């Protein structure tokens, strides 16, 4: 158990800058997820934490100790790889025992034949076997110890990889997309198991994924990373309902958040796509802003009126209990998607006119260059972009 | 444009029977999706339609003509493959032109050097180029014609594959999981494009997927296939709300439908997990039945009472606007999942007691061996299993 | 062979349809059932290969056996079977026995030599970043080079008076030798030439094997604490190369049974029978001494050895190599 | 007249320039006959096998050179045409320089099968400078083995990679071994075709070989020995007189070369004549005439002059030696070439074991000889082994 | 890419050791080549002098190379080599690829039999069959012609095997797509499979050309005529003719014979390794 503190990490591969000064502190026992699109540098950051890669600037502290010069072995971290990286020629037991053997046995004791003869070796090996067995049992793979990885299913392999990380009780667990090789059903199941594992072990977890569902369901906090920068670090729910940045809002949530350009008419009223929405906004009249409206922030309205947007339906997707209705709005060049309860809106058909209401408290406001504009009530929580900066 | 009719198709690979008498008619211009778990025989059926595989029994009619002996080339079908199957050594233009060249140019005209010199070749080639260009433009890949597939992104490749299928105006489009190689974001976008394409071209589409979201959102009708059999063919919404079979109900919907065993206490009352639910069921008292309750059929209740289930919370997943609450019910050996509106249930925490109400009209009833038990009001719509058959 | 004809028949039929109507379903389906058609097409495509496999491999193998069991001579119009007389003669022949023994010794030197050196060099090349393709190319050159020509270079190198080897040895005060004319050194020298030639091949195969080891495994070993070069070698590299190694051993062993050019150019099997090896014996008896039956019997023995070797090794490899 | 092409197959690549020159001159005289020369093989045994193989595969040459001791094999297999009738048709045969002694070399079973093209004898070449430097004053080259080996030992002792003596025991058909036997009055093969060396002469010959081995360390391929000789590091080279021309050219006047006859150790000492005859192997009558012309030309005065001057062999035609314009003056100017010629009186035939294994037998004997020279085997042991091996192959 | 890629560079001593060892082995490996080139530019007098230096006192390269090119028909030998190798390669590709395709992608009765025939062919060392092949060439009356040099190699079981392995990695869907696009099976082989198997094709071509350019055994048996000889045989004849008297031109000729392959290899090195990775080691 240890806290992790990352301070101004930079990393370049040749001319391309992959990490541009990433800083982050992770509390002892926290489950932190690094979430971001493919190629944004998540794995690189994780590998720097593990000591597999050397940063160009910045430093890493584990348990308040700078570990920058340390080799992976001495950092007290364990890593679960996307491909599991099990040694295919070793049994599950040997795979899991390896980290312990490398630490507890001296180089001489590890020698193939000679090593066995040394007095201590047998005792230590027996100890290790006991620990491996205990860990394997706790993961439900006790009966698989004699098999080789090739004889296991995907889920079992994943458990072995976790077991290999667990067995030496590291201070920090690093996991690089450990579920992405599993099929959808299994992924959901293993997700729950990892969450349960974290609760049981109580260790510090740093988890990398590009799957938001994983990030949202597993984490204490989510760090959203785009292009080598951390955009926001917050609890999952906050990332969703209260993103700091337009890119975060757009990355999180499926279907993607609807972004509508609007102009402030007067205090409390914003003109959007021909309608005036009553939204409290701390900006001068005439300011150009962007409204982020999640699909579920819309609701079906029987007829037009103030605070109601009107468009024509272009496509309907049935999602079980809900409908995803794609509709055109005058003056908006992409389709807007509303998630409507199927029961409330049973008669919608393609080509029809649709009226949807917007819940003003669920509308997110951004400047045209992507910064979040918080309304007065929220001002206490985050830095507010002074509205004067906003170009007309 | 053509109707497709499949009649009693059977297919075995050695001893394993992959298709066990599949019959299905697809109307002219319909978008039909074959939905089923991996390995159930969807691709096999599609390949039989295309003529790439020969059935052991049964026949296929396209546009009312039996095509069983015909080679793929003469069936007037086009196929889009999961892997796109683009020719990596040819440019996008050549990839798209190939089907036309093979059909319009004679063997002699296709010869590498000699062919060019023949009088007709140039004219036909020019015609083909024009058509390819037109199709490519309509798909927004006009500027990519000179590239090779290796230089394209996943989405662009997918469009090229669709273009190659479109360019010769086939009567039937067959698509075998065309989106499964794309990442989640792109998949949603391409889904919309395929739907739009169908509306524009108006052709008959047979679409294979194991992703229900795709099936639900795209199709006019969905054919659910499990283990080489068609279990139900119906409109997407019906498949979801009114499944014929327990397997269909379990396959469709995420999270998976909750299945709770219950016993009929008396007419209109069913005992489930210690509570009595008021559910109209046409069965004698004491009959053992299974209740299928979708997660969104639960709603938050402040306190226990009749029609309310009570359990203890084991895990909470944040899903944006909703919470997925996993809870224990006395006497049920798996966790039950309820989808609750985040706003209505803000104070739930792991370990707490949870009360959830059930909407009786959303409960699906099944016999213990999996057949659907329809209630009286529904009896007109589907065959009803006589309740006397149900074992106590 | 009728397959090629049948193949063209199928093609003609298709293009005829293609000319008549395009993108339309013909009213009458083709007469042949699709499965039969596919079989015909398959055998049609494979036809030339089947023909040549029969004529150039299976027929000659039969031929070798027939000749080995008969008294047939070049130019003879008839033959009679003499049972195993040729084999009896082969096995009492001192030259053949020496040749067999030499081949075995040669293989026992060349195979481990090439494989171990090849592995060592491959691992060394891959363990650093600089000059990789340079080293790879250098070590692979002998495999490409025309051995008949290179043998002459070796001869010059090993020349007892003007050769670089003896000159160098003399300078550092080591004893010199007449390498190719000394019974004790001729075979080892040929074996060294064999290693020189095959090591590059083994190396390239190992390099290919090394490249297919996932980087993740090394990372995992690093995190697990196996971060010394030697540990990584023992825990990841060598075990992961296991299947490749078996392949390399087979390939090199089969090649090591077939040295000819160096023997022919450098020693002609001499001095004595000191460097006589199976393929050279086969050649000499068949095409120089014109002892056809004897030569064929040698061929059969040779064949038996190589085939057994390969099969045994394939069996040892067991399910690690999937040909299907 | 129709153009005819004839294919000529000969032995030894060092003959290539000479053969090409002969063919060129012949074509000048006979423009309608084109001559194609096969690329040469290096040993008479190979030549025998090549002709047999080529005949079996329908690829027979029209004229083929074969060794004196092996051409019987060709005859016995019916691969050549007798020349007697052709000779009879030649009107002035008697004045063409073919003495009965010469034509006798091509006789088998009473018929003439070929005309000799080259004759050589084994002789001793020595590096006169080296020999002088070790023989303290006496300028005569010793005439007995003991003296020769003394010199060899001294040269070997000079060190610096020097070798005293090389005896070309590798010569085809055990030619030099037969010479050692013949010089002792012994023989390789008896007239009945049995082993002729299993006796005192044989043992003595092997003993000499063994002593040669003791007095110098090097066993090498004959080409290497010649190079070493030419490079001036080998003192004495015992081999065919045919090498004289080559050695003179290769040594390029870096030192002076001397020649000497092999020591005789019996009154009835003989020397085997090395070399071969030109045989008519074509069956095509039209080609036969052309081929016959070629054979006559190649064994005639002009060609033989070339052969003698370039190699050091004896002429196979009596005309050139007596014609001062051809060889008369040459011999007086180049006394080294006379050593071999002087041996003419004691020349005898070069013999081979009968039967199909002739070549293999001589290979087997050669291996034993090598074992003796390299001191791997004692002479008596080698003699026994040799006898046993040859008997096995004679069956 | 690399197996040993790691964050940390090798330590300095290890790096030095690596280069030291590799330079040593490399030097040993190169020694015959260096010696060959060195002798090829020396006059005979320097060759036979007991002393060594790589560079000659008197540069004699031009003379030696001229002699190598004129003394023997070396250009002719090389021309023969090019001709024979090219024809063999083309025929092998023509014969092997359809068969490999059939084995990799079609299901039909007898496929396993066919494949075992290929495997048997792969096992058989070709030289063992020289005797019957020689007799066969005689019966066909093609001895001592180009045809004799070519015909035993018209088919390469190795080629079939290599292409089959590679074709197997090409998804079936590509074949299906091609059928739907209207290509005949033969057209699929030439227009789709072969271009997609380019690395295998290059690796195989190198193997084939190297093998047949360097082959001494069969030409030694099959041809007599100097004008038909491929390079190794020609070199051997040249060596015999020189009888070791003049290493200079001989080494010049050797250098000339070895050179084309080395240049070709250096040019195609990348694909070659890739092809080996893709096909052979699987």
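Note that the chains are named A, B, C, D and E in the order they appear, and that numbering of residues resets to 1 at the start of each chain.
We adopt the following convention: a residue touches a chain if its C-beta (ideal position, glycine included) is under 8 Å from a C-beta of that chain, and two chains touch if they have at least 3 such contacts.
A quick map from chain label to UniProt name: A, B = Glycerol-3-phosphate ABC transporter ATP-binding protein; C = ABC transporter permease; E = Carbohydrate ABC transporter permease.
The shown structure was predicted, so the numbers you read here are calculated from the model rather than taken from an experiment.
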Original post:
Which pairing of chains gives the most C-beta pairs in contact?
Top reply: C-E
**OP:** Would you mind checking which chain's C-alpha centre is most distant from the centre of subunit A?
**Re:** D
Subject >> From subunit B, the most remote chain by mean C-alpha position >> reply: D
Subject >> Rounded Å distance, subunit B centre to subunit D centre (Cα mean) >> reply: 93
**OP:** Would you mind pulling out the distance in Å between where the CA atoms of subunit D average out and where those of subunit E do?
**Re:** 41
Subject >> Rounded Å distance between subunit C and subunit E, as computed from the means of their C-alpha atoms >> reply: 13
**OP:** Send over the residues of subunit A in touch with two or more other chains.
**Re:** 47, 51-52, 71
**OP:** For subunit E, jot down the residues that touch at least 2 other chains.
**Re:** 6, 48-50, 182
Subject >> Residue numbers of subunit D (touch at least two other chains) >> reply: 56-57, 161, 221, 224, 227, 231, 233
**OP:** Mind listing the subunit E positions that touch subunit C in their complex?
**Re:** 1-6, 9-10, 14-15, 18-19, 21-22, 25-26, 28-33, 35-36, 39, 47-52, 94-96, 98-99, 101-103, 106-111, 114-115, 117-121, 123-125, 127-136, 151-152, 154-155, 157, 160, 182, 184-186, 189, 210, 213-214, 216-217, 220-221, 231-233, 235-236, 239, 247, 250-251, 253-255, 257-258, 261-262, 265-266, 269, 272-273, 276-277, 280-281
Subject >> Complex contacts: residues of subunit D adjacent to subunit E >> reply: 13-14, 16, 38-42, 50, 54, 56-59, 160-161, 221, 223-224, 226-227, 230-231, 233, 246, 250, 252
Subject >> subunit E residues within the subunit B interface of the complex >> reply: 171, 173-174, 176-183, 187, 192, 195-196, 198
**OP:** Could you please specify the touching residues of subunit E with respect to subunit D in the complex?
**Re:** 45, 48-50, 138, 141, 143-144, 224-226, 237, 240-245
**OP:** State the interface residues of subunit A toward subunit B in the complex, per the touch definition above.
**Re:** 38, 183, 188, 192, 195-196, 211, 213, 216-217, 236-237, 240, 253-256, 294, 296, 315, 317-321, 324, 326, 335, 342
